Amino acid sequence: MISWFLRRLGQILPTLLILSFGIFALQQLMPGDPALILAGEERGDPAVLAQIRAELMLDRPLLEQYGHWLWRLLHGDFGFSWRIRVPVGELLLDKLPVTAQLASMSFVIGVAIGVPAGVISAVAKDKPLDWLMNAVALFGISMPNFWLGIMMILLFSVQLGWLPPSGYVPLWEDPWQSLATTIMPAFVLGTGVASVLMRHTRAAMLGALEQDYIRTARAKGVVERSVIARHALRNALIPVVTLGTIEFGRLLAGAVLTEQIFSIPGFGKLVVDAVFNRDYPVVQGVVLATALIFVALSLVADILYMLINPRLRAA
Amino acid sequence: MFRRIAALALLLTASAASAQNLRIGLREDPDIMDPTLARTFVGRIVFAALCDKLFDINARLEIIPQLATSHHWDDPKTLRITLRPGVKFHDGEAMDAEAVRYSLNRHLTMQGSFRRGEINTMESVEVVDPLTVLIRLREPSAAFLAQLTDRAGMIVSPRAAEAAGRNFGLRPICAGPYRFTERVAQDRIVVDRFAEYWNAASTTIPRITYQVISDSTVRLANLQSGALEMVQSIDPDDVGAVRRNSRLRINITDELGYQSITLNVANGARAQTPMGQDPRVRAAFELALDRQVINQVVYEGMYTPTAQPVPPTNPLHVPSFQPEPRNLERARALLREAGVRTPLAVEMTVPNSPDLRQAAEVMQAMLREAGFDLRINTMEFASSLQAATRGEFETYLLGWSGRVDPDGNTWTFMHSRGPSNDGRYANPEVDRLLDAARLEFDPARRRELYAQIYAIALRQDRGRIYLWHRKNIVAHSTRVTGFTAVADGLIRVQGLRLQ
Amino acid sequence: MSPSSPARRALAALLRHRLAMFGLVVVVLFVAAALLAPWISPADPLATSWSAIRRAPSAAHWFGTDENGRDVLSRVLWGARASLMAGVIAVGGALLIGVPIGLLAGLAGGWVDALISRVADAMLAVPFLILAIALAAFLGPALENAMLAIAISASPVFARLARGMALEANTTDYAEAARAMGNPPWRTALVHILPNIAPPLLVQATLSIAEAIIAEASLSFLGLGQQPPAPSWGSMLNSAQRFIENAPWLAIFPGMAIFMLVLALNLLGDGLRDALDPRSARR
């Protein structure tokens, strides 16, 4: 078990190395010369372009650029944003708490609604309650985030004046205001997650309820509720865990559209602006951080699999 | 009971606090806040609070003194500037001739400077005495003074700039009415009133927060719900909603720039099409467009249709040069004359923005009637810029934020050596006239030169197509008073009051 | 045993499933709308009318007109083509790429699993935008390339899902029994594991279709996907965003179309799940 864990940790470094090189290569292939963007309205002047390329090492071979970037990284230096000259490490630290807060709130909302709804829906299969819950979940999936987001702003901020329409206040500055600014985006994102988890929980529950041992338990007259809780749900959890960890990862990677609508300065906006401005050091930094999150979450998923199904531990 | 009192107290402090803080919504996140390195338009809005310039412009686009008190052309190549006495930078240093010399040289020589192109006619700056500088130009330039009304005329504290080097933009130190307090990337920039500002009587609001809100519906919602007091830009579609709201005011001015179509006439293989090679085909293209209808459909009729790069608010606008009315018959006849097979396929590169995309669709429908098959190629901006520079386009729907002096709207786009002449349009006569317009100080004669330029480059050669001038639409709460709109679209903080 | 094969029994069960049949009918209607769009739309979806922009729904235009005065109903009907293709083909592609790879990882274990899983992690971390811009530049602007971009970016989810289920299924008694009987691993996977992991894959596929239809629109803004003036539900939704207060019907009708399609596909998927499960058929 411990050696398995260490092996998994050992995989992190090569993954990040290969990914960072891949992103570097992808940047070379992408159209949109960073020097042209940075030159702005001076882009017709070859001297300006040459100067920018020299300063940012864009005129060097790919491997040299990568090597340089890696060397700086080994010294804890992520480089700086070409656009606003702020160190990338600082930007990441700035955005991390914002995104972490929003992602956690959204995920809690998603799980709190999605999983029980899925269980209830499965138990009430083919009854009106089941239909209603499915319809609501699928509506949540089909509705674009911008639509729900803007509708909520128009209702709760402009009409009722209950919540601030957008912006972000850090949790440690003013916890109450912080919740007020994040509750709407968290709800928008949370409903999306809830819909996915609800559908998976329902499907998995239905499968599990048909398993022979559940029938046995039922035949033995075990109380219905404890059957559901102890046996069926446990085994049903594998796909729910898979999707749950992926969805959480996606939330942590930043939800571009929702952040845009609610003007939340998180990872999603950071990376989109960086891509559009070809601010490659920022792209690199965010992708690395995101990859770390996904690697960690898939480790969490595997550990959860083993907790759910002890037989996996042997394998 | 206690809870209610506490809530009330909270409410009171909140409103008291907000009267101390003017919150302005920006459309996008500014880039680096260093006057030498900055490029974006939104950045200029924040600079208007941070960094005073040698000169400014007023609502009539006249050049007025700011950090300078007067100027005098000793000869067409020598500009003498007298500085305002007793001006202090935010770090307490004195703003004097030495600081002006330092800042102008920094703009001219700093690696990666974006001001160089604006002031590269400058040969040297000499300190005559602490309040006088002498700027020597390599050649006479009618446009030079106007450059000093924008970022090239911003004076930075030499001590702070030397200490910070290229990171000066992280904490800019200038001589403006507000000093830099903090910036959260992609969220906000906070500035505080500078009590030692030379014209401190003109500012009363203790703090201004520039808040980045990219979605226009949400920006407006913030204004409507009182979370912002002012927003930089409102979509024409939303103007009605603001006008109906008695607690809001709207302020609309013509911009200095324009929306245009760059035509690839000589930049690489993609210029080798009937559209690129035959002015008659380009004339047919332009005659098929009805600018007023595009304006009506996409912008609620709020923008100003145009055929030239200089807007009507500018004294150097040529009033006689107007867009031709749509003429489908002539367009079809021209295409027949040119001997092209219709429908003629023409590609248009469109940067990804919803209104431009819609405008392109409207043009597509109009052009179809004349015998063109317009293929819209939407691209995100960075890709489209590269495509334009490399000549990987046939036509390119491009906007320009505009400059006070018409030279900034014409020379770089129409001169054969112009850095933004992506279509590589070239006509020696136009080059000669553009150069002459640069040297001409008399407005009437200069306007006549531009009239000639447009007649040749636009009517005869059809080297580019100008479509419309946009509007700066600033909306604010009635609590804000004292706002003066100027065509450059900036929000000048002097005179602003917040109740 | 009766002569009916499991497949026929499943089909019969599906046909008895009323909700599934409802879903099937709706899906068929959408496909028919897409195929018959030239004949059934009341107007030319590209015909602009400058004098009738953003008109609310009326007898002349049941779904109203859009920002260029085009008939929204006709555009929804024609848009079904691009959106159905974007949704179904992209998700089909993601399934085809993701599921076999995920099964391989789950069943083979060891370094194969490690390699595949870390690649999937890395792919999840690559911003969709970068992938899309790079593909748009290399493959050129076309709807098929948008589908490819969506398929690639959605495939790691299916791979992870398949892997997790394969891991679990591999430990069950029947998998062990199959191994003990000397069945080759691929046969075990195909015959015993795949049917058991089908339900979550079906669920995920039907959910991903909605995401793909919406994603197609963001791609068309980057030059991938459906190019103007041709309609797709996603791009209709996107341009509706500017007019969400002044002309809400621009968003409502394409939005409803996506919802109806996704609902129908899910009902069909649920029916299929019930039908495929021999135990539930007995109930």
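Observations, loosely collected:
Each chain carries a letter (A, B and C) given by its place in the written order, and its residues are counted from 1.
In the analysis below, contacts are C-beta pairs under 8 Å (C-beta built on N, C-alpha and C of every residue); 3 or more make two chains touch, one makes a residue touch a chain.
The model shown is predicted, which means the values in this text are computed figures rather than measured ones.
Between chain B and chain C, the least number of touch steps comes to 1.
The chain closest to the protein's centre is A, with centres computed as averages of CA atoms.
Among the other chains, B has the CA centre that is most remote from the centre of chain A.
Centre to centre, using the average C-alpha position, chain B and chain C are separated by 44 Å.
Measuring from the averaged C-alpha position of chain A to that of chain B gives a distance of 37 Å. Distance between chain A and chain C, defined via averaged C-alpha coordinates, is recorded as 21 Å.
For chain A, residues touching at least two other chains, in rising order: 31-32, 146, 150, 154.
In chain B, 217, 380, 383 are the positions where the chain touches two or more neighbouring chains simultaneously. Looking at chain C, one finds that residues 133, 137, 241, 244-245 touch two or more other chains. Every residue of chain A that touches chain C in the complex is listed here, in rising order: 7, 11, 14-15, 18-19, 22-23, 26-27, 29-32, 126, 131, 134-135, 138-139, 141-144, 146-147, 150, 154, 195-196, 199-200, 203-204, 206-207, 210, 238-239, 241-243, 246, 249-250, 253, 256, 271-272, 275, 283, 286-287, 290-291, 293-295, 298, 301, 305, 309, 311-312, 315.
The residues of chain B lying in touch with chain C in their complex are 216-217, 235, 237-238, 241, 293, 296-298, 352, 354-355, 357-358, 360-362, 364-365, 375-380, 383. Remark: chain A residues 31-33, 36-45, 48, 51-52, 55, 81, 83-86, 91, 94, 146, 150, 153-154, 157-158, 161, 164-168, 260-263, 265, 269-270, 273, 276-278 touch chain B in the complex. Across the complex, chain B is touched by residues 46, 48, 50, 53, 67-69, 133, 136-137, 141, 220-223, 227-229, 238-239, 241-246 of chain C.
Considering their complex, residues 19, 109, 114, 117-118, 120-122, 124-127, 129-131, 133-134, 137-138, 157, 160-161, 164-165, 167-168, 170-171, 196, 199-200, 202-204, 206-207, 210-211, 214, 237, 241, 244-245, 251, 255, 258-259, 262-263, 266, 270, 273-274, 277, 279-280, 283 of chain C touch chain A.
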